[in-house]
Amino acid sequence: MTLVPKKAAESDQLKLVSREAKHEDTVIDLGDGVTIGGEKIAIMAGPCAIESKEQMETIAQELKKAGVQIMRGGAFKARTNPYAFQGLGEEGLKILSQTAKSYGFKTVTEILDIRDLETVHKHSDIFQIGTRNMQNFSLLKEVGKTQKPVLLKRGMSSTINEFLLAAEHIMKNGNPNVILCERGIRTFETDTRYTLALATVPLIKELSHLPIIVDPSHATGKRSLIAPMSKASIAAGADGILIDVHPNPAEALCDGEQAIQTETFHKLMEELKPLAQVLGRLL
Amino acid sequence: MTLVPKKAAESDQLKLVSREAKHEDTVIDLGDGVTIGGEKIAIMAGPCAIESKEQMETIAQELKKAGVQIMRGGAFKARTNPYAFQGLGEEGLKILSQTAKSYGFKTVTEILDIRDLETVHKHSDIFQIGTRNMQNFSLLKEVGKTQKPVLLKRGMSSTINEFLLAAEHIMKNGNPNVILCERGIRTFETDTRYTLALATVPLIKELSHLPIIVDPSHATGKRSLIAPMSKASIAAGADGILIDVHPNPAEALCDGEQAIQTETFHKLMEELKPLAQVLGRLL
Amino acid sequence: MTLVPKKAAESDQLKLVSREAKHEDTVIDLGDGVTIGGEKIAIMAGPCAIESKEQMETIAQELKKAGVQIMRGGAFKARTNPYAFQGLGEEGLKILSQTAKSYGFKTVTEILDIRDLETVHKHSDIFQIGTRNMQNFSLLKEVGKTQKPVLLKRGMSSTINEFLLAAEHIMKNGNPNVILCERGIRTFETDTRYTLALATVPLIKELSHLPIIVDPSHATGKRSLIAPMSKASIAAGADGILIDVHPNPAEALCDGEQAIQTETFHKLMEELKPLAQVLGRLL
Amino acid sequence: MTLVPKKAAESDQLKLVSREAKHEDTVIDLGDGVTIGGEKIAIMAGPCAIESKEQMETIAQELKKAGVQIMRGGAFKARTNPYAFQGLGEEGLKILSQTAKSYGFKTVTEILDIRDLETVHKHSDIFQIGTRNMQNFSLLKEVGKTQKPVLLKRGMSSTINEFLLAAEHIMKNGNPNVILCERGIRTFETDTRYTLALATVPLIKELSHLPIIVDPSHATGKRSLIAPMSKASIAAGADGILIDVHPNPAEALCDGEQAIQTETFHKLMEELKPLAQVLGRLL
């Protein structure tokens, strides 16, 4: 009567990402003591889109004060609207890597197109695969042939099994450095941009050895929900958060309504520290 | 082009439940110093279904040790399958109220049928309205005519606006004592029973003065996810949790796979205390 | 790994509604040659809400001309907004039954509250159970104790299995006269009010012997989509359609945007006739 | 209170695909009298995956008898499971184009990777963009720079607005030859593979001048539902159907459970003809 996928069979397909395949938690090492997946919670922060050298400098100073180790920023933007700002491209990548070098950050940025692989590889410490590309199997294959860590965002309508199989596509090609990211799923709910399915975090921890972080900015799409959902993510066991920070969200060229200001970010970081400690984590 | 409800207009319908209507948080007073919605986090625990006097005694002893103040237990069960156990009915209610009296608990139990109003009123301190009855407007109206606190569970496919309007149906009839409960929504995800939409908690806190609690048992349907999602709920700002506890989940007559054992419950309670404290709450 | 309901087991619960339980299609006989589930396609039409004797007279004349045999109209309205028009109640039922008697229609109207059972029983030929009450098991039980046909609308987030189990609740109590109604499910789509899941029709035909009709008005919530989706419903094998018709939709007290005008209705009926014929049905 | 996208503003982004931009229906001309979007309903049939020259010959003979003008077949397969059959690649494309040439078919096949653009361009009359690539903006841009017709499948969790904006991405780059395809959306329903949202067809017809077809095979994932949903699609106003046909579905290398056998296909084609006629279409 039913067409529900035979999960047991599908689990057999998780030859590399499953907890059975590898019992210990995978810890991704970015060098210089920066890791994802261990005791320390990884904070990745920065603007949705890289807009200018000045913007990145301003944000970098604040992130540095807050103790952030990984800076995010988009140079190639996947935009539903073909007439919206598409990102600064390679120019943006250069700004990101130069800023990061000055301040000692590791970096993460999205790759949209296979043809940009070398360029993004050169300028970023982590490849980000966005939600719309979670099943872009050609792209998964190519990043899978490198050894650079891949931040794989969950497809907005992917099951957990499909999410893990996308990671399997990367690992199968030789790259064991996959970081999973829950970023909200599409539901009937319209009061938030997506629905943050936070139970994904402990469930993935059962099923896989890979680290998992949360993106509360895209998941909620609403500035006021980012701080409480960052706390909830860490309480649920997430290995890190990916967060939109902008000096002036009202003037952001992309997704300003889901970015928090630098002051709010500092306050959040202060609140997360004792929370992490009580949960046996560091921040 | 679109049929999205005009939210601004609908907000006008929230004459009583909205934050604009009443700025201060509503604190529900159950008597004997037991409250919901204030500094103290409310833990409501017990079995999905009341099975026997002995079962309730066994659980009550453990809940007492753990410092629980409110005992839950179902006497009338809404079962999808007409051939499944339907609950002990009034006999179950008597067991609940007697056990609660012996141990000094307040009680919460579901009312399914208007014709049971007086009976449930007599035996329970809180009326629970289940997810399938969130828009049973006749039932909302009748509990709205009493002054007994109502625990209103979110409909499994209700928007937040519809959820608040259901509370408005109760308040409009004269009962201001409404406790909202996020219990998971129905999505495409099949690896958890429902999807716990935890961002509902801070969003409701913005929109309404009513207390909101979370039911991680029904939301996830999976024992191993209950502890992490309880922590996450409190970190997100919930005023309490409603949790299935059973001395022997494997033999539970209803929803055993989402109940935690008493030892696990004790451990969870110990972990929640420092977490609550760091968040400025008590437990 | 998974919590997907064990469908095979659940099928065992469909002791009465399944195709295995009864091979031949059930045909509901309303008397005077009016049937649902046989060769003839049943058209149930009328306003969402009964507003006045005059309104019902106006519509009845048009329905009569169009060859309609079953008139619909709501007297008790389930309204999300507590401040919206709640229906005329028993007064509305009287208008419905008197109008129907004058014109020789059979009638269908919604029952919301068990306490109205006798009143609705007296005035209507079919009990309608609305989408919000599909799992109001007390109500299902009570209509199940009568022999009056029950039009059971699918819950807006019910699986097909849950839908059939709700019918089983009715049949188990002794009433074999159940008519299923697909009325749209809740999805992420916002450009229609609900998503009309039309594949439900042939799938139900495989799984059950009960007749199934479609409500394109509520499913789409958009006047211009009603005619094409009525045609599609019949092409998919539906045994009838339930349709909102109003002489002046712009002034309707309830859901006017999903009602079609009487002229449009006449045109649709003319178009459906040859379509039904080519599909081996009558209209 | 709400984050629902401002639809009015978004409509302004549909500069080329909207009905306002071009009033008359777009008719795609594939040459040799084969068109999509006019009076004649387009049937695109063939196997999910091209498996061998013999398989394609066998199917081609049957399609020819049935009067089909457009043959489908996949050479590059997007597979969730990295260990499943990935398609024959360029070898498959050659089989497709040679078979089509022998029998006088036009062809449609999926392009997954920008780097295959020239190869697919050479062997196929239509580029198919699959559901997982609907927002692969790099790919949309590249096919948009050609003049070859593009069959754009709806993303499995895309709104209608996002679907039309994806078409706008193609048209904005200079290619006006876009064919939209409804192929089912992801919902909570598990008894069908996806939910065929058929009201999309008349809604798209209102909003856009582009032709729209339906894929009942992927939408339902269930062989027995394909014939009724094909009829329903045409009754709803679709300009064509895309259908999996396989001589021996039980042995198909890909998605066999949603393919119909050639005899069933012949029967369906015979049933569709009078249906099309009664709806004022040709087949």
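Points worth noting:
Here the chain labels run A, B, C and D in written order, and each chain numbers its own residues starting at 1.
Keep this in mind: a contact is a pair of C-beta atoms (placed from the backbone, for glycine too) under 8 Å apart; a residue touches a chain by one contact, two chains touch by 3 or more.
Computed from a predicted structure; not experimentally measured.
Interface repeat of A-C: among B-D, A-D or A-B, over half of the contact pairs recur, by residue number, only in B-D. Set against one another, C-D and B-C show the most C-beta pairs in contact at C-D.
Here the spacing of chain B and chain C, counted between their Cα centres, is 33 Å. Chain B and chain D have Cα centroids separated by 47 Å. Each of residues 1-2, 4, 157, 161, 186-188, 190-192, 222 in chain B touches at least two other chains.
Note for the complex: chain D touches chain C at residues 4, 157, 159-161, 185, 187-192, 195-199, 201-203, 206, 219-220, 222, 224-225, 228-229, 231-237, 274-275, 277-279. The touching residues of chain C, when paired with chain A in their complex, are 1-2, 4, 7-8, 11, 161, 186-188, 190, 207. The part of chain A that touches chain D in the complex is made up of residues 1-4, 10, 13, 15, 78-83, 112-115, 132-133, 135-138, 156-157, 162, 165, 168-169, 172, 186, 190-193, 221-222, 257.
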